[in-house]
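Shared between the two complexes below is subunit A, which has subunit B as its partner in the first and subunit C in the second.
Up next, the complex of A and B:
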């Protein structure tokens, strides 16, 4: 029994980690709260549905790859056509946040118009009991969620840490002005961050859709969880991963003792706790006041 | 002088009366405008849209007959109570409608019912079934769908007749789910059943694995779940993925095609109560037309809304114009024979003529159980 709760928590934690990292990369680099990341999840799932279920393309894996590429391109387009011009006019983080919220609303309603509000499914396998493993049951999509999330997490970490672009992303995240001074093309890095973040969000959206199908509002809750994980994780990749695991486990193991109606509240109680007692998150260092 | 002006007024009044009579007999058509407050966007939009489709289809037929023309002003509340209240006020104060079709969610009907009652405007819902609306809906609230108090009793009797006396229960945390759960627990425990665990979920939840794990108590004989089709799909799918083989019982909303889409094979063998449709021929004709027009199966709300529109048309044809007259008509009308069976209301505005069938899902189709 307990192992099933842990398995559920692990699955929730893994997908939350992946979403959290996607959000984190954009948030840390571009420095604004990218709300539309929530709809990126939805949009990529609907892209797969469009390619697969409406008979445009009957090859699951290729459809998924196309959808991820589309979402990557969509992220670049969003950055180049909306955020970059706004930034050029000296828009503040709040303005960008509102623009991002606008994108969220427009796309969500467009999806509703095009595909309707009912639950849709692009599942191409039949529903079967999961495989028993250490006293818990895992279905194939759930195993895929856990494996993909962690593999991609490690790859992202390697990319950010060792590649040239990754290092630049880090530099811009730490101090855009200084980065510009040493000759980094900051606008290009913003593009990279948005594309990468969108692709990660897109993968997460498709994984969620494999497990629980698609509807126009599917992205919001997972996105909120990922965002909270990034905040309590203290803005680092492994901090976010740890935060996500904590959230997932707390959500699923917590309800053994407390009534299920509090399941969603758990996430935000943890967030409040961190904001009050450890605002720098898991891994962040407490900032000292700069000496003048 | 006084007599003169009196006769002038009388003369004018008569002239107007006759001229309007002449007009009416020459065109022979009554035009009325009613309002509608339904969720047409947002998370619960599917319910509002299906109801709107039903109303629209009925109105096309009614309006094309030529005797009566009903306009509907649709207001979208996106499933939010505050928006619903504003929309209701707009319809009553600006558009001056005598009747409002709505709302979908019981909680929102509860929110707008007081506004309608204080302005003597009929609020007519195809969907809101919460038991508490019987009392709290006031004099001007009517509904075509039966109250959950009745449905809960049918479901409790069904479980007890199957000798299933130990169940775990999941309900959605809103007015509809809570009142259905309360009524069910009341009848079920009175009849000798025991509810082993009671779990809660929210609208739009997708992950029920831990709810299910918690519900799977050692001695439990069946699950009862009061959720919409949106949550019911993943709930059933995850139940079979977790290897749970218990019988699962649900409410009438599980008769929506959305559940089949999301649950797939795992919907097989699921039981639910569903409003009985005695005149199946009439329903089939309706369903066929609906499929042709909208390209999908009608759900129960589309059918309710279709009947609702005809009842509204009958009320106006009878000569009722104001909210008070409409209410009087609805309370005293003879049963209307529609696609969902007979429709007649008691003094509380609850429909008294609808019964529930015991249904199940077999080979991806809804069939009568046993």
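Up next, the complex of A and C:
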């Protein structure tokens, strides 16, 4: 039984890692808590549903690719039409956070107006019993979720570390003023970060929807887990991945001792533990926001 | 007439909630997403004590204020070790935790089923049962909160809070105990929110955890931001506006299933628009620009 819990924890952790990285790229670069990332997950799942289940397009893979492109474009649009003008007015991180919260509320309610509050599903495969592996059972979507997450994670890491744009993203994340001084087009890098982060969130949303059903509020809890993973991971890519695995495992192994209904609370108890006793997260890199 | 009174009672409850949060968010510059949790603490204190222990309503109010104060000392001290976005996330975490307790500690709160049959208050021989009576009751507490907060923000205490909002290092250098001031503002805000919960519980006579969610906290914060941060009058205007407008939609013949969503779309849009063109809100004085950069 334990190995099954570990398997579930691994799955939750993998998706959380992906969400956490998407959040982290935006947070580190643009410097604000982008709550609307939570609705990006939902929006991408609904885009796939719209293309696939309502018969607009009957090719699963093409639908998914279109949905991810749409989410990427949506991220760019959000950045260009809302966050960039706000920054131009000298907005602080708090102002951007409030605007992002507003976007979250608007899109979530628009989705529930358009599609209703009932659970939907775009599953095009038939559900089969899982394959036994190391004493646990993995369904095919579960394996796909775990593999996809880690492949994309590694690709993102490679992109950030070795590509020209990736290096610029890192430069802006470290010090936007200095980056501007050495001639980096900071506004363009904000766009890149928002697009990349949104695409990662979009992929994560679709992966979640492959495993469970979709509904307008589906994005918030996974997003908050991803955000917590980024915070306890100390704002680095691999720290976030480790934090995500920790959260996923705690959530699924924890139910051996704690009733299932407390699962959501576990994430935040871990967050509070880290905030109070190790605010810099796993890594030693200090980005502390302690009060005087 | 009864319907009109119902709207006025709701406005009064939201005035208590938003004015008390304004003390924290508007005057001290600490955006807390935890106000609905304290609202819930007050509501549950009234519901459980009057039903299970037979306490008189005023007694439950006093107990709600005290328990909310005690909890908020802990939450405030812990969250206020952080600033800006980390503070917001810490309060969000506590909001989720308190909600989770209301939802899951079934022996105490009856969980998602909620608590029903909460008795109506008997205050010094006055049995409140009509909407008119509840209107007077809620008006009394909203006026009290309004006057109390307006009094303390204009007192030296409030000026220190505003100094901390503008520049906490400077306030510290003047020898003010910044941490204690911040925690005290957090605690006062939480205690006042508990009163709103007590009034709500005895008026509706039924409560369940869904009234005290993260979304509710965000709604209260939206009232403060849209009405005007750092202005008690702004919170008053914000509460009236955000409670009345959805009701107007209902008059336009919009079914209630849609109007809930429209209401949220409206205030979500307003939040974005407000950040863009008027970050200090309708009649506010503070526009969240203290830090300039977020690093």
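Just so we're on the same page, the second predicted complex is superposed on the first by the 284 of 292 C-alpha atoms of A that agree within 3 Å, B and C clash if a C-alpha of one lies under 4 Å from a C-alpha of the other, contacts with A are read in each partner's own complex, and residues count from 1 in each chain.
Just so we're on the same page, a contact is a pair of C-beta atoms (placed from the backbone, for glycine too) under 8 Å apart; a residue touches a chain by one contact, two chains touch by 3 or more.
Just so it is clear, the model here is predicted, and its values are computed rather than measured.
K.L.:
Given the alignment on subunit A, is it a clash or a fit between subunit B and subunit C?
P.N.:
clash
K.L.:
When the two structures are overlaid on chain A, which partner does A:110 contact: first (subunit B), second (subunit C), both, or neither?
P.N.:
second
K.L.:
Determine, under the contact definition given at the top, whether A:256 touches first (subunit B), second (subunit C), both, or neither.
P.N.:
Touch status of A:256: first partner only.
K.L.:
Is A:93 touching the first partner subunit B, the second partner subunit C, both, or neither of them?
P.N.:
second
K.L.:
If we overlay the two complexes on their shared chain A, which of subunit B and subunit C does A:135 touch? Say first, second, both or neither.
P.N.:
Neither: A:135 stays clear of subunit B and subunit C.
K.L.:
Could you say whether A:275 touches subunit B, subunit C, both of them, or neither, answering first, second, both or neither?
P.N.:
In the superposed model, A:275 contacts subunit C only, not subunit B.
K.L.:
In the superposed arrangement, which partner chain does A:264 touch: subunit B (first), subunit C (second), both, or neither?
P.N.:
Both: A:264 reaches subunit B and subunit C.
K.L.:
Looking at A:73 after the superposition, I want to know if it touches subunit B, subunit C, both of them or none. Which is it: first, second, both, neither?
P.N.:
A:73: touches no partner chain.
K.L.:
For subunit B, which of the listed stretches 23-31, 113-121 or 203-211 runs into subunit C?
P.N.:
The one stretch of subunit B in steric conflict with subunit C is 113-121.
K.L.:
Can you pull the subunit A residues that subunit B and subunit C both touch?
P.N.:
109, 112, 259, 261, 264
K.L.:
Provide the residue numbers of subunit A that touch subunit C in the complex, in ascending order.
P.N.:
That would be residues 31-33, 82, 85-86, 89-99, 101-106, 108-110, 112-113, 175-176, 224, 227, 231, 259, 261-262, 264-265, 268-269, 271-272, 275-276, 279, 289-292 of subunit A.
K.L.:
Which residues of subunit C touch subunit A in their complex?
P.N.:
The touching residues are 31, 78, 80-90, 92-94, 96-97, 100-101, 103-104, 168-169, 172, 178-179, 182, 218, 225, 258, 261-262, 264-265, 267-272, 275-276, 279, 287-295.
K.L.:
Considering the complex alone, what residue numbers of subunit A touch subunit B?
P.N.:
Going through subunit A, the ones touching subunit B are 1, 4-5, 8-9, 11-12, 109, 112, 116-121, 123, 126-130, 132, 137, 139, 142, 208, 212-213, 215, 217-218, 221, 251-252, 255-256, 259-261, 263-264.
K.L.:
For a test of understanding, state which residues of subunit B touch subunit A in their complex under the given definition.
P.N.:
Of all residues in subunit B, those touching subunit A are 41-46, 49, 173, 199-202, 204, 206-207, 209-211, 213-214, 229-230, 233-234, 237, 240-243, 257-258, 261-266.
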